[in-house]
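There's a structure below that I have some questions on.
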Amino acid sequence: METLRDKARELLAARTVQVIIGYGQGSGGGARAVFVREAAEADALIFNEACRQNLAVYLMKPEVRKLGKAALVATPSALRTILQLAAENQVGDHDLLALAVHAAGEVTLLATLQAIEAHVTELDADLSAAEKAELRKYEALSLEQRREYWQEQFSRCLKCYACRAACPLCYCSRCTVECNQPQWIPVPAHDLGNLEWNVMRAMHLAGRCVNCGDCSRACPVAIPLYLLNQKLISDVFANFNARSGMAAKTDNAMSIFKPDDSEDFIR
Amino acid sequence: MKTGFYPGCSMKGSAREYSESLLAVSQALGRELPEIPDWNCCGATAAHNLDRDLALALPARILAAAEKDGMYEVLVPCAACYSRLSVTRHELLGDEDLRRKISGLIEADYRGTARVLNIVEWLGGIPDLESKVRKPFAHKVACYYGCLLVRPAGIVNFDRPEEPRSMDLLMKKIGADPLDWAFKTECCGAGFSVSRTDLVARLSGLILDDAVQRGAEAVIVACPMCHLNLDMRRPNIEKLAGKKYNIPVIYITQALGLAMGIEPKKLGLQRHKVKVKFTQGLAKPPAASITPASAKPTAGAKSASGDSPAEAPFAGPSAKRGA
Amino acid sequence: MARIGVFICHCGENISATVDVKKVAAAASRIPGVAHSVEYKYMCSDPGQQMIKNAVREKNLTGVVVAACSPRMHEPTFRRACAEAGLNPFLCEMANIREHCSWVHEKSDATTNKAIDIVRTLVAKVKKNKALLPIKVPVTKTALVLGGGIAGIQASLDIANAGHKVILVEKQPSIGGHMSQLSETFPTLDCSQCILTPRMVEVAQHPNITLHSYSELESLDGFIGNFKARIRKKARSLDEKLCTGCGLCTQKCPTRKIASEFDAGLGLRPAIYVPFPQAVPNKPVIDREHCTYYLKGKCRLCEKICPTQAIRFDQEDEILEVEVGAVVLATGFDIKHGDFFPEYGYGKYKDVIDGLQFERLASASGPTLGEMRRPSDGRVPETVVFVACAGSRDPAKGIEYCSKICCMYTAKHAMLYKHKVHHGRPYVFYMDIRAGGKMYEEFVRRAQEVDGVQYIRGRVSRIYERGGKLVVKGADTLLGARPMEIEADLVVLATAGVANAGAEELAQKVHVSYDPYYFYSEAHPKLRPVETNTAGIFLAGACQAPKDIPESVAQASGAAAKVAGLFSQSELVREPLIAVVDRQAPPLYSTCVGCFLCQAACPYQAIEKEEIRGRDGRLIKTVAKVNPGLCQGCGTCVALCRSKSIDIQGFSHEQVYAEVLALLNRGESDV
Amino acid sequence: MRSDNHVQHASQALADRVLERTGVEADRCYQCGKCSAGCPLAAEMDFPPSQIMHLLQLREFPEFSEMALRSHTIWLCLTCEICYARCPMEIDIPRIMDALRHEALARNKVNPKAKDILAFHRAFLDSVRTTGRLFEMGQIIDYKLRSRHFLQDMLQAPWMFLVGKLHLLPERVRGRRLLGRIFARTLKAKEKRP
Amino acid sequence: MSDFNPKIVAFVCNWCTYAGADLTGTSRMKYSPQVSIIRFPCTGRIDFMLLLKAFANGADGIIVSGCHPNDCHYSSGNFHARRRWIVFRGLLDFLGIDVRRVRFSWVSAAEGAKWAQLVNDTAEHVRQLGPFSGYHRLRGLGVG
């Protein structure tokens, strides 16, 4: 923790960055995002197992961007988010640097996207064995069972869009939900609209989601949205050999194609 | 981190001098070459001809024994054994199921950690070999690579499959004049030494003929089988060709040994069918001759490199045309 | 409020036989927004069209649906009729109740109901249609032709003869390309230079053609009709205006032993040289890599003797900027060089040569002045082996594809050899003889039957030298694959035709796609063989794939016709069915967030980055912009855009959404 | 023989079995003949390598597969690897030859002309099986017994002995019993001795 | 079940399948009238949301068809579409939505007979699956 604070102080003192986006003490032992702008305030920074939020979400907030160049206290997911945002032309080297934090407490300063790439290459970007097993569990259900399961899950959806707000990759200035000519997603929270919203949200993250899990954590009614994301991560990798958030300059899996992509379902 | 030594069966018998010369040279170079403990035959051509699992299991047992003994690389001077060991390592490393299966057969876990080296590779890795030369081996030689030192390219990953040059470079280091000739990698008849002597005589004859035609004083080999076919089968070759070839066939280690000033006897030169006359101080070139023929090297025998534009043949008309 | 007119056609009885057209008209009239609904026997006839025109005017229609045949048949007809009546043509849609309904279903209520569904769907669509104006793109009527081989020459002449300006850029000091190196040409055996050089001279003298030889394209920006090209004119070390081409400098130059590129390395040239006597332009160039002055700082002999003081040692490359409306790529091909076939000794033995070298040996202007002599010792070769497919159809060491021209030129070579050395023995090792072409098969037969060329079906395993002869080890697969050896004096490898070394770099400069072998890709393999996927850039000759002369010339003329067509009007008018990126008032400017996922997906590189800046020049945001000159209207970007910030005119979100809803929801109009 | 062909046809084509065991596709061959042109023994073969490939390709004609299996070629192949090194389609022909030999052995379809070659291989492996290494003297005697070429090399052996190349007693490997088990599980388990 | 007439919407590209369906007509081949076509410039234009909208509005089955690979009028729109459908199908299936109700096909301008066959097969297939009431009910509609 001290290493992190020292690094933060150093960066702020040298005016290398104008703000540190990091974790601070939240209520009830939790963690919350803090924005440290003075070296003297660096003691507000913490890092412990409660610090799970993908802070990269703040990189896309105009009010945070206004503060100037940021140093982001970054978990592996956040690092991949940064690369994905870079690949989508949303951030560049001049916007940020990353303080990669590790469970053991060390901190690595990654000053460029290239450095983040090098760092991320070393990480295991694959779904964990437990995640794969859980996916397989749902895939093994019958079609009807899956339908019932998801209908039950989506029936709780309030269309509060907390999932969207928590997602660092849902940064559109106008979400399709807000289109009314035509009205792609019905406004009221009924089963059909809930399904359409959730399918659309998942599809818009295909080839982009880095599996940080913040959408599920944000959901007030605990819909396991991560399952949908992981399903698409798994399918995109299996079919296109592509992983999101691994490179700062790369074409999105859904923007390109291979002539020999599978078409066993096309007759 | 030691380099193991796999002699293979012929080096204990018919190719005894290859082993003797190698050990004499390695000793002089101060390199220890411990034998792989309780090594067995690699199975040679016979095993892969008759059974794939057997052909993989025999070399795997050898390599597993080397690994167990802490060897990180294994020198396999016999090109045939080298091939079998290389193929086995390549296949088992590329197929985990197969590796497990063969490990089961040999009742040991073969991991594939030990690299397989051929003799040219091993000698090439010795720094400053030139400085060890006492008596430059100043002879025109035809380096004969045979088949298995360089092929299949994807498995042995050594030199290039056509027009290899590693052995020629080594020969240059010891003062020899390696010739450009056409049969560097043509087959001598290999494992048919006994069963189809007729074919061996024909194929080996072609090799000797080209070497002699180009004025070689010796054929340099790195394989007991090649040696057997080119040297011990000489009577058969000569009978078929209807002419005599006096050109000796020398193991690469023997040539090196001679250059390093090692006594010929220690190098086993006396064991050859075709006597090596350099050892008797008879340095009257050309040592090799053929009957009946003039062994004049042909003009085109040397590399016809076209690098230098000054050699362009039609300077006359071209220059005229420019005028 | 929409006022839609629905016009239902009987198409004689083609529609009315199975669809109750009266019922359809009645149902249509009940669709909200429909102000007029009639049926008529032949809607496409003059009276039918007149009905539409009258209704548009009289009923003040805001949209028209013609329920008749396929829009692929008569959409232009009815849109024109609407336009004549003063209605924007893009407010007219067709409901296909013939091909998709009356012709494919039996007479029944279901068929009539389907026709009503279709009409309702198109009415819903047309209500969301917007008046569109055709896109007009100005056209600069100058063509840029890259490459001065036969394809580039032909394209340039055709465009120039059509009355348009041409800028022809050639990398080498002279135009002429590979064709100028050839001896005779198949299947007629006429002399290559005799037919080529008049064309070269024509290029030089044509008032509409500006030739930049010894020049290369530096960059290309813009789009169809409006390209900006930068051309690097490499320093010739010569004032071209002063040089008279007298040739004194090339005769006196003391550095004379440089391998001649034109003679494929078989002849020599000086450091200041004209590649060949008929070169266009006939002005020398100093080869700075070999010139003594550039290497050692002294000599300058050419400068001293030049009667017009044209030599300029300090000349520098010059960059020209030109504006052009179309580009023709005619950069040609190369043959595979180097020692990629160690078993054949190519590069090792002087008497193992490639096809182009053989052309120079056979050419009357070649290093032997047309006498058949082999490179090593100048002897007349008594036995010559020609090896076809040397690198072609060879994934291991060469290329996978068939180089197409080798079968023919190998037959020609064998023939030319036999014509020059009557007692000579030509052998051809081949795998298949591919002689599809006018008089081609006959030509190959002639080589075998009349000239006695021995054809052996098999690939050569190895070539090595023995006693001054080249031993060729082959096999005849038609005779049980028996191995055979031929002692040859000369071996000619029909080495594969490959893309130029700089092909990829050029493709990236001009944004055209290329295949895995770096040949340029045509827009459609059958129907658009001279266009590239980038509008306004066309292909001619062997830069697209290996080609022989007639094919190259035909394609060049095709490309020229495309260019002339493009230049036939001062403005390019296109249907406005293209994608557009949303624009909004400040502070949003656009709902586009600039993720540019659409950019990689666009098959036409039509999506550009637009920087929106404030009055102070500060960058506010970077958003996507569709270049209307390049967009072809496929809509792939539209379906990809998450924020629905791109839409496509004519198939907009609103239109297709309305169609889906209308098709599936039968309202009051339901029967 | 006819019925046998039909059995083979009904099950799996030879080319497919070869593919399954070796991963090498004979179907890639387009009959350029470069392998046959470079094969040192093509002239002695009943079917030069390119023809063996074609025999395999025509899988609908089991009699052709049978010809490949019964060919002298597969036993003459020296595994010199020159065909593979030069094959434009990179077909590992020597591996196909290995697989065909194994198949011919297992199905008892060895070409009679190959008996000396086979006798030599068997003598060789017997020597390895019993001692762990090749005992050249023993092998030669064994080979002579099997091939009945008693007079061959009558002058060679004494010379070898004289120059110290021939040992009269075999070297024995300590792990002989393991080698015995390896042989029992591989060659012996599959081979039908004639 | 036998009197169930499914509603099927076909999303097709203008250049291949629309023209192929025209050819079915000019060849006077007959097929089931339960299918209606909506024309798009290219399969690349087809938004996955439109498929959901079709189901929501009462479709029992959907056909999506365009040019065969390498025949796309826009050279690669169909390849992009194919990639989109790979992912979309996987997701629908995961959510328990029966992807057998969406038939993807390549029908060229010359394949009039294939179009008729495709429509008939799909109609029969969807007829056997029955009304997509599970989905239609989501909107609170009793559409069958």
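Which chain is which? They are A, B, C, D and E, in the order written, and residues in each are numbered from 1.
Following the convention adopted for this analysis, a residue touches a chain if its C-beta (ideal position, glycine included) is under 8 Å from a C-beta of that chain, and two chains touch if they have at least 3 such contacts.
Everything quoted here is computed from the prediction, not taken from an experiment.
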- Item | Graph distance between chain B and chain C, where chains that touch are linked | 1
- Enter the minimum step count from chain C to chain D; a value of 1 means the two chains touch. 1
- Query: From chain E, which chain is the farthest off, judged by mean CA positions?
  - Reply: B
- Message: Measuring from CA centroids, which chain ends up nearest the centre of the complete protein set?
- Response: C
- Item | chain D-chain E separation of Cα centroids, rounded to whole Å | 58
- Item | Inter-centroid spacing, chain E versus chain A (mean Cα positions, whole Å) | 34
- Note on the structure: Whole-Å distance, C-alpha centre of chain B to that of chain D, is 24
- Where chain A and chain C are represented by their mean Cα positions, the distance between them in whole Å: 44
- Touching two or more other chains - residues of chain B: 162
- On chain E, where are the residues touching two or more other chains? 48, 70, 76, 80, 84
- Query: In chain D, what residues contact two or more other chains?
  - Reply: 82
- Can you name every chain pair that touches? A-C, A-E, B-C, B-D, C-D, C-E
- Please name which positions on chain A make contact with chain E in the complex. 138-139, 143-151, 176, 184, 190-192, 195-196, 199-200, 202-203, 206-207, 227-228, 231-232, 235-236, 239-240, 253-259, 261-263, 265-267
- Message: So in the complex, the part of chain D that touches chain B is made up of which residues?
- Response: 21, 40-41, 44, 75-76, 78-82, 84-85, 92, 94, 98-99, 101-102, 105, 116-117, 119-122, 124-125, 127-128, 132-134, 136, 140, 143, 147, 152-153, 156, 159-160, 163-167, 171, 173-175, 178-179, 181-183, 185-187, 190-191
- Partner chain C, residues of chain A touching it in the complex: 88-90, 171-176, 179, 181-182, 184, 204, 251-252, 254-256
- Given the complex, residues on chain E that touch chain C span 5, 7, 9, 14, 18-19, 21-22, 24-26, 28-31, 33-34, 36-42, 44-48, 50, 53-54, 57-59, 70, 73-77, 80-81, 84, 116
- Message: Which residues of chain D touch chain C once you look at their complex with the stated criterion?
- Response: 30-39, 42-43, 47-51, 82, 86-90
